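Should a chain be cited, it is by its letter among A, B, C and D, assigned in written order, with residues numbered from 1 in that chain.
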Amino acid sequence: MSKVAELEEALARIADNQTIMIGGFLGTGTPEGLIDGLLEKGVKNLTLIANDTSFVDKGVGRLVVSRQLKRVMVSHIGTNKETGRQMNAEELEVELVPQGTLAERIRCGGAGLGGVLTPTGVGTIVEVGKEKITKEGKTYLLELPLKADIALIKAWKADTYGNLVYRRSARNFNPLMAMAAAFVIVEAEEIVAAGALDPDEIMTPGAVVDMIIKG
Amino acid sequence: MSKVAELEEALARIADNQTIMIGGFLGTGTPEGLIDGLLEKGVKNLTLIANDTSFVDKGVGRLVVSRQLKRVMVSHIGTNKETGRQMNAEELEVELVPQGTLAERIRCGGAGLGGVLTPTGVGTIVEVGKEKITKEGKTYLLELPLKADIALIKAWKADTYGNLVYRRSARNFNPLMAMAAAFVIVEAEEIVAAGALDPDEIMTPGAVVDMIIKG
Amino acid sequence: MMNSREIIAKRVAKFFKAGDLVNLGIGMPTIVANYLPAEAKVMLHSENGFIGLGPTPAEGEEEKDVVNAGAAPVTIVPGGACFDSAMSFALIRGGHLAATVLGALEVDEKGNLANWMVPGKMVPGMGGAMDLVAGARKVIIAMEHTTKEGNPKILKSCSLPLTAANEVDYIVTELGVMEITPEGIALRELASGVTLEEIQAKTEANLIIPDKIDIME
Amino acid sequence: MMNSREIIAKRVAKFFKAGDLVNLGIGMPTIVANYLPAEAKVMLHSENGFIGLGPTPAEGEEEKDVVNAGAAPVTIVPGGACFDSAMSFALIRGGHLAATVLGALEVDEKGNLANWMVPGKMVPGMGGAMDLVAGARKVIIAMEHTTKEGNPKILKSCSLPLTAANEVDYIVTELGVMEITPEGIALRELASGVTLEEIQAKTEANLIIPDKIDIME
């Protein structure tokens, strides 16, 4: 039961107006082959959930430049001038989320949790419109889960069942997003047989992965 | 800056009336050498947070038999008859917590989160006394963080800085508890030099570990 | 001839398709593993921290750190993966399990389940059961149809403390296969040689009898 | 002679003791690493997913997956460990960082910090800053005492959108070291050659001047 597929099969799962999570931190740990495919396919009006909008010529930043996004939920846009320009021109909706809150919201989505209380953002504009809950004298914001139609994940190694190993700082949001989407597509640098990875080195269990392409 | 110490130094940190988290699942992944030490030292009135009370002759189950516990917060006591007997005789307070909720509450304690919304336990006696929050038509219980004075952790390998690797099903609650206690003591089967473990195989970063003994 | 437990386990195994991730509770549900054909490629989740629960190892080949949620020695199949308890229950609660199979003390027509305590008698704790029932995409109860004394376990309304409310999808017993629907408990399959009168007599809840009922195999 | 940035970085480095886990923000705080003596055994946390942030690799020895939170190639020191973003921020929020060092646009006498946006002008996003300031056990602001135009940045009350409220513990500038106390901003150290009049003139908030003020080194 191998989940290894061709790029075209992966792209067939991605359509206009979907919400897509894409792994990576300023492009490190982003599946660039799948981004190439999205650019070529030209899907539009996507909602992107990612750590940041990377750079104009790298990772998800290229999808900003190609104007395929309707909305982004990220923690940082400062490295991609085009994101700020489109935001100010009201061509792109930008929701800025503190990075740790973004990680927890995605984790909640994947873990069946209805939300989480975080101290981050209390007393700032991040709290606007959110429920505040005080416990033992400390005030928290109730932050809600995030889920996606599709997650695009970059792995260092994958086995054919979809078990994944990430490398160094390329791990970042990838394991969280692999849990939080209805359909999970992985781009792996190396694909090995099921059983070739030690069960303890696996960072994402294959059970949550739907499709693997070689990247 | 090695954190390796003798059992006596570890036991010196443990006192009557403390709240102690101890890793393990029916004894697998429990630091038996530290339990031996607790039995010998005879500290009393401990509050134990663990997955279960194991068996009468294994893991934390031995602390039930030796009557060193005032209170336990666990998901299961069925494998240790002495726990049930002491509970019915009102000699031991037992708070039963669903296993996934226990894991999340400990994780919240270690992650600086004020609580988490879980669907588990809604409509059961677990919901008694808890705040219920409904989001998008689904009802959740607000479960609050757990922290401890001491965590006793069992690792397969540790480096001298305290970076830890667990093996197979002995991982269980250990990585969560290592984040949630004021003082973290590790019993490791093997101790290696800092730098001998690959940064990607480490499951608990040494920064949260205070002391390591050879087990 | 198969006994009741084997009949139930064999039928439950047919619920699964290739790629499904399934958690089998302690006790009778564990036997289901014996009836999963290798080609089914069902992966078993062990709540103590791994996917890929395999058969009991040969004597002398046990590993102390490879045990199931009942502390019995097991193996991990190729493609298996280990994780901590937070991840184990993230998989459970997050809907990543196609199904969980559990025993029951009582089930009722609203899909309520009681299987974790008898006040004043048996209080083992819920372990992972409450999360499994709340989180798995399909909850299948595998149990003998009545108590040892012959009393119904499929009730109009559970009397014991619940494990979860409104979460059960199917009940498989040695007498038949039932589905919990918004209207009540519908009989889907009847074991060979069992009459409608017999299964209803052993069931407190009123069974909905559709036009078509398959033979349970 | 050291420039302002070097003077500030050198002083901030003295806050740390062996075993401390510290996060240094992008920009000036990064320079602090150059002043941490090897024997200090301070471990640096990189919010993009590891502990053990080390120096820039030699040319040609960069690894594509080993970068800091600013996407620049770095190394991982012996004893370092990698993890995902949830764990990275669990460490931050959970109080496992002895300190975070960040720059600021404005700080005020209540310990409020503004360093992530200027409405209508600069909206880069907060990245990990809000979590760092809310979660680290000690929040140290490392910045030049005034803006390039000479205007105070240490204010009675921040005017820009906050990064966090009431979280700042220390401010280190080229003129001195200040501590946020419940009574206001107390001057702890003064740089050599700087007068009390000068530092107060460049500070909008009223500085509390204790009997004993050390020389900043």
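Note that a contact is a pair of C-beta atoms (placed from the backbone, for glycine too) under 8 Å apart; a residue touches a chain by one contact, two chains touch by 3 or more.
Just so it is clear, the structure is predicted and the values come from calculations on it, not from any experiment.
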Chains contacting each of subunit A and subunit D, listed by label: B
Chain pair showing more contacts of the two, A-C and B-C: B-C
Chain whose average C-alpha position is farthest from subunit C's own: D
Interchain centroid distance [CA atoms averaged], subunit B/subunit D, Å: 34
Approximate Å spacing (C-alpha centroids) for the pair subunit B, subunit C: 29
Between subunit D and subunit C, distance of the C-alpha-averaged centres to the nearest whole Å: 55
Residue numbers of subunit B (touch at least two other chains): 104, 107, 111-113, 118-119, 166-168, 171, 199-200
Residue numbers of subunit C (touch at least two other chains): 50, 76, 82-83, 86, 89, 92-93, 134-135
Chain contact graph, described as a line, ring, star, complete graph or other shape: other
Chains grouped in pairs wherever the two touch, ordered by label: A-B, A-C, A-D, B-C, B-D
Of all residues in subunit D, those that touch subunit A in their complex: 46-50, 63-71, 76, 82-86, 88-89, 92-93, 112, 122-131, 134-135, 161-166
Contact set on subunit A toward subunit D in their complex: 25-29, 51-52, 55, 74-79, 84, 87, 96, 98-104, 107, 118-126, 156, 166-176, 203
Residues of subunit A that touch subunit B when the two form their complex: 104, 108, 111-119, 133, 135, 138, 140, 142, 144, 165-168, 171, 199-201
Interfacial residue positions of subunit B with respect to subunit D in the complex: 1, 107, 109-113, 159, 161, 163, 179-180, 194-195, 197, 199-200, 202, 205-208
Of all residues in subunit C, those that touch subunit A in their complex: 18-19, 21, 41, 43, 45, 50-52, 76, 78-83, 86, 89-96, 134-135
